[in-house]
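Below are two complexes that have chain A in common, paired first with chain B and then with chain C.
Presenting the complex of A and B:
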């Protein structure tokens, strides 16, 4: 049986689990059964993806007699699909494991269980689809299945609004992809990817298709300003689904972009790279600035996803630019960096959302202003959440740093590019990437510091209890993947080689045979990094110093009340809170971009009224893009409303006029 | 044959270990020198040169007072901060290029390791849950978010000229003198000095001697620390200063470093010139500090923005003409 057929059986398994969940109904046993089954199927799919990716198997194809009559549905499993299948199903397996424990707290499981399997099936279907029709159908199926999960808790009005905005953005994205495929169609209406790959389309049509793919897939992935649905929809779902939406489904968006632009369009000019790099840079910086200003933990994580998608698109844009100029090794480096970051982000973002879910289960709170001190109540969750925070903040020796380091190395190759626009834009984007990385550090110091450290800010936080073993196992597994991918990056880069070879036509030099397991992306003389040695040095110097200090100097410790410069205040509200932590950054970066306006109303000495602090933050996306758009649509609708109240004569005149115009258009067009 | 390989490895290991030990061993002396010079410039007598060693000794042997609600993050953080700073300092070329582990981290990784230390420090500041700790952490991360892009552009400017981000390779190339004096390198140096001042919490960004709460950043984060924990953080700060001095020396004044062959004479010369460079910087820094006043917090963006602008100019000049 070809690999792709096994993949399709996995998808059938996911769909079957959805049906079974419906039949099982709301019984208590349904939750562990459904998540246990998805866990097994997802693990099978992970195994399949790994063997395909590492085994170097030739792409396998299957044509099923479903879909459009006479055409059938084409499915194909190549290195690119296999890599994304690995990412999707690894996240799915972790989420299923987490769900076995977490799902018990779900008050309406029948709104989640029947849709969980089909959602996973939809994502996998997108990865295997090999013609435009089945691709779009799977894409819509994935969107709708995830929408049902977003509105699972439909009694909260905010969730319904989130679901509505998500649906609107998803339809818009699919529309763009539909038009892109329309432009790329091979002569004779061949809509298989193989046919479109062979067909050469004109320069302007290819350019337009690239832009449409950027908008269409970017709206799913969360490129600014198409990101607005992410911070609304991702937190609305149950936490393990949030992890899938944020950590995994955005990657399917990235896959859609890579599949269409790198594979199907194939031939493009370097300006496409410039556009994608700039979009990525803007997304990275804006995403993390939004994130750092959030109070809601899950919303903060969703905005941080926007940032990471920006980093991925910086890598992809560089790969496009290098490939357009025939610089294969540099393109392979940029692409490998982007894909490495795709993998990393899916791991640590799932981990962080699981952590947020654990916090939510233990305290019932997502608002960071009401959390604090959880490291004492949930020690294990705190450790794994800290590893996730350090990974996403791109700190060595963990994995987030490696992919950002590779991206920087690709950026440093940009002087090779002949185009002046790129030469000037890429260093600027590099600085934006550094800014995003530094702000991500601030963001996750805040996330961990306010939630897990400091004193509890509410009774709920003070009485939290550790989560169940399934959730902890899921988080611990992902934390280990973060550490392993950070210390042995060469192995991951080697695993990505088939994908790089498929899309950039060359791969990075093999890393596994290098001495000390170093990472040398281009040449020894250029740059190298060794996560393992750094990790070993850090552990050795830290433990050695601690041992020496304890042995030779003092090890006595005395507990005492907080000192706080002599004026400790008992009330937990005297601590730095989430918003106060973000204040300097808000003030430095936010005044222009977000129109942040703070007013302090301080009562004068002797007055007894309370002091007031008011802050206004304007979301630039809503203010400059969606606000005017919505107003315009409304105004147009009001104008068109008049058409509803015409006499029959006027309607007939309108029909006649439309006919004439259409005939004229046809006559002139030909 | 096997024997020679083993001796080469042993010598390499010994030279790397020497560097790793030296950066820690002389760090308090360098800090003592800056304090002494600063005191003399202010017409004070100042503490003895070796006072930082005595301070560390005293702190190490004191009882550590830990707040009731402190977690393990608070107690482990000093060691993490010290370890990360130490590893970073041990990998910046000081007296010789091409040491055994010089390839394990390039300029970007060294900067990121300092980021790891900063992350741990900022978390430690938030652990107990006081207003001062949070204030320090929040400001520190704001300064970092301004300094890091500038630092990356400096790396970019240097890498554009040297064609590599390996510090050892950059130093070896610049030491040959083939590169010569360049405008873009001058701008990068200016930017690196500004970033270094901000990162090391020196005037005008922060005042290492202040205990006026509202103006401090670094001191606010470590306000609760005492005993051996405080000693570790102080030692890390001293090592970081040596690291930045070594970085400036290795990028912009790499003369005298022992390259290729590691003969005793070359190594001795390398050590002597490195120490001399550190002493010069340790005198220059307080002179610069005493001529300016501490800035308001919200003027930092302009100060660090100038570093960013200088570094960006250095990069773009390189595109305009190879000669710059």
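Presenting the complex of A and C:
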């Protein structure tokens, strides 16, 4: 049986689990059964993806006699699909394992269980689809299945609103992709990817298709300003689904972009790379700035997803630019960096959402202003969450650092590019990436510090308990993947070689045989990184420092005032809070860009009421793009509303006028 | 083809068009119906002449149907309706005569502009006929939207249909069955309209369609 057929059987398994969940109904046994089954199927799919990717198997195709009559549905499993299948199913397996424990706290499991399997099936179908029709169909199926999960907790009006915005943006994205495929279709109307790849379209059609793919797939991935649904929808779902939405489904959006632009459209001009790089840079900076200002832990993570998608798109744009100029090795480097970051982000973002879910189960709170001190109550969750935070903040020796470092290496190659626009713009985007990385550091210091350190800010946080074993195992597994991918990056880069060869036509030099397992993307004289050495150095120096301090510290008794940790007052509200930690960054960047408005309402002397601090932050995308758009549509609708109440004669006159106008058009522009 | 034959065909088709303009100009309902009857007679003459020119005897049947149905039966019925409803003295314009006539002239110019280049290769009789026919259709529509009385709107619709018949007979080889079906559909439309007119009258004591709008809870127009 070809590999792609096994993949399709996995998808059938996911769909079957959805049906079985419906039959099982709301019984208590349903939760472990469903998640256990999805875990097994996802592990099978991971195995399939790994063997395909590492075994270097030739792409396998299969045509099923379903879909459009006479055309059928084409499915194909190549290196690119296999890599993304690995990412998707790894996340799915972790989320399933986590769900076995987490799902027990779900108050309406019948709103989650039947859609969980189909959602996974939809994402895998997108990865295997090899013609425009099945691609769009599975894309929409994935969107709808995820929408049902977003509105799972439908009693909260905010979730319904999030679901509505998500649905609108998803439809818009699919429309763009539909138009892109229409432009790319082979002259004979061949809608298979193979046919479109062979067909040559004009430069302007290819450019338009690339833009449409950027908008269509970017709206799923979360490119600014198409990201607005993401911070609303991702936190609305149950936490393990949030992890899938944020860590995995955005990657399917990235896959859609790569498949259309790199694979189907091919090279036409280097300016496409410039547009993608700029969009990525803006997304990275805006995403992380917004993340810093969030109070809600899950929203913070969702905005951080926007940032990371920006980093991925910077890499992809560079790869496009290098490839259009025939600079294969540089393109391979940029592409490898982007794909590595896709993998990393799926791992640590899932880990962080699981951590947020654990906190939510333990305390019932997502608002960081009401958490704190959880490291004492939930030590294991705190450690794995810290590893996730360090990874996403790109600290060596963890995996986030490697992919961002590789992206920087690609940016440093930009002077090779012949176009002056790119020569100037790419280093500027590099500076934006550096800014984003630094702000991400601040963001996750805040996230970890406010949630896990200091003293509890609410009774709920003070009485938290550690989560169950399944959830802990899932988080620990992901944390180990973070550490392993960070310390042995050469192995990951080698595994990505088939994808780089498929899309950039060359791969990076093999890393596995290098001494000390170091990572040398271009040449030894230029740059190299060794995660393993840094890991051991950190461990050794840390242990030695601790040993020296313990050995040499004085044991004599001293008399001094009690160290009050800098908080002379007893109340927990005197601690750093989420908003106060973010205030400097908010003041520097927020006033102009986000229209931050802070008001302090102090009681007059003698008044007994409490002082109030109010803050308003507005997303520039809402302010400058969607706000005017929505107002325009509303105004137009109100105007057109009068058409409902015309007389019969006026309706006739309208028809008559339309006829006359059309005739005039024909008469004038014959 | 004989030049005189062509001129006569041209004259008759133009006669139908001129009568359409006259319809626009009439103030009283009885006058409108009379002009409509006259238009039907000229139309049947035109169709009859076409049958001579084209050597197509079945067009004579069409001419006969037009003469009997639209020249005699429908006008008589409409006169009876108007007398029964007692609206024969009403002036029921929305737009006054002058602007309507100007708009009508514009429509004729537009249809000639539009049709001439399209049918350049057709034979000259058909070419002129098509332009006139399109103009008659447009003028019929214009009549429907500039009047507020239901009976006049019926007349506008019938006159629009005259334009269709004119176009159909101008082209060579139009089968009889098409004309017959068009004629029948118009007859049925006329019956439906008639029933409606009486229903409106029964309920509202008038055939002014504005009363319908007021019934729907809308403001009365002051045009």
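A few comments on the model shown:
As a convention for this text, the second predicted complex is superposed on the first by the 621 of 670 C-alpha atoms of A that agree within 3 Å, B and C clash if a C-alpha of one lies under 4 Å from a C-alpha of the other, contacts with A are read in each partner's own complex, and residues count from 1 in each chain.
FYI, a residue touches a chain if its C-beta (ideal position, glycine included) is under 8 Å from a C-beta of that chain, and two chains touch if they have at least 3 such contacts.
Since we're looking at a predicted model, the values are computed, not measured.
Residue contacts after overlaying the shared chain place A:432 against chain B, while chain C stays out of touching range.
Residue contacts after overlaying the shared chain place A:453 against chain B, while chain C stays out of touching range.
Judged by the touch definition given at the top, the superposed model places A:416 against neither chain B nor chain C.
Residue contacts after overlaying the shared chain place A:200 against neither chain B nor chain C. In the superposition on chain A, A:463 makes contact with neither chain B nor chain C. Number of chain A residues touched is higher for B, counting chain B against chain C. Contact residues on chain A toward chain C in their complex (touch as defined above): 645, 647-649, 652-653, 656, 659-660, 663-664, 666-667, 670. Residues 94, 107, 110-111, 113-114, 117, 138, 141-142, 144-145, 148, 153, 209-210, 212-213, 216, 218, 221 of chain C touch chain A in their complex. Interface residues of chain A, counted against chain B in their complex, comprise 372-373, 375-376, 382, 386, 390, 393-396, 401, 405, 408-409, 411-412, 415, 420, 423-424, 427-428, 430-435, 437-439, 441-442, 444-446, 448-450, 453-455, 516, 518, 524-530, 533-534, 537-539, 541-543, 545-546, 549, 552-565, 568-569, 572, 574-577, 580-585, 587-588. Those residues of chain B that touch chain A in the shared complex are 60-69, 71-73, 79-80, 82-84, 86-87, 90, 101, 103-106, 108-109, 112-113, 115-116, 118-119, 122-123, 126-135, 137-139, 141-142, 144-149, 151-153, 156, 159-160, 163-166, 169, 213, 223-224, 227-228, 231-232, 297-298, 301, 308, 312, 315-316, 318-319.
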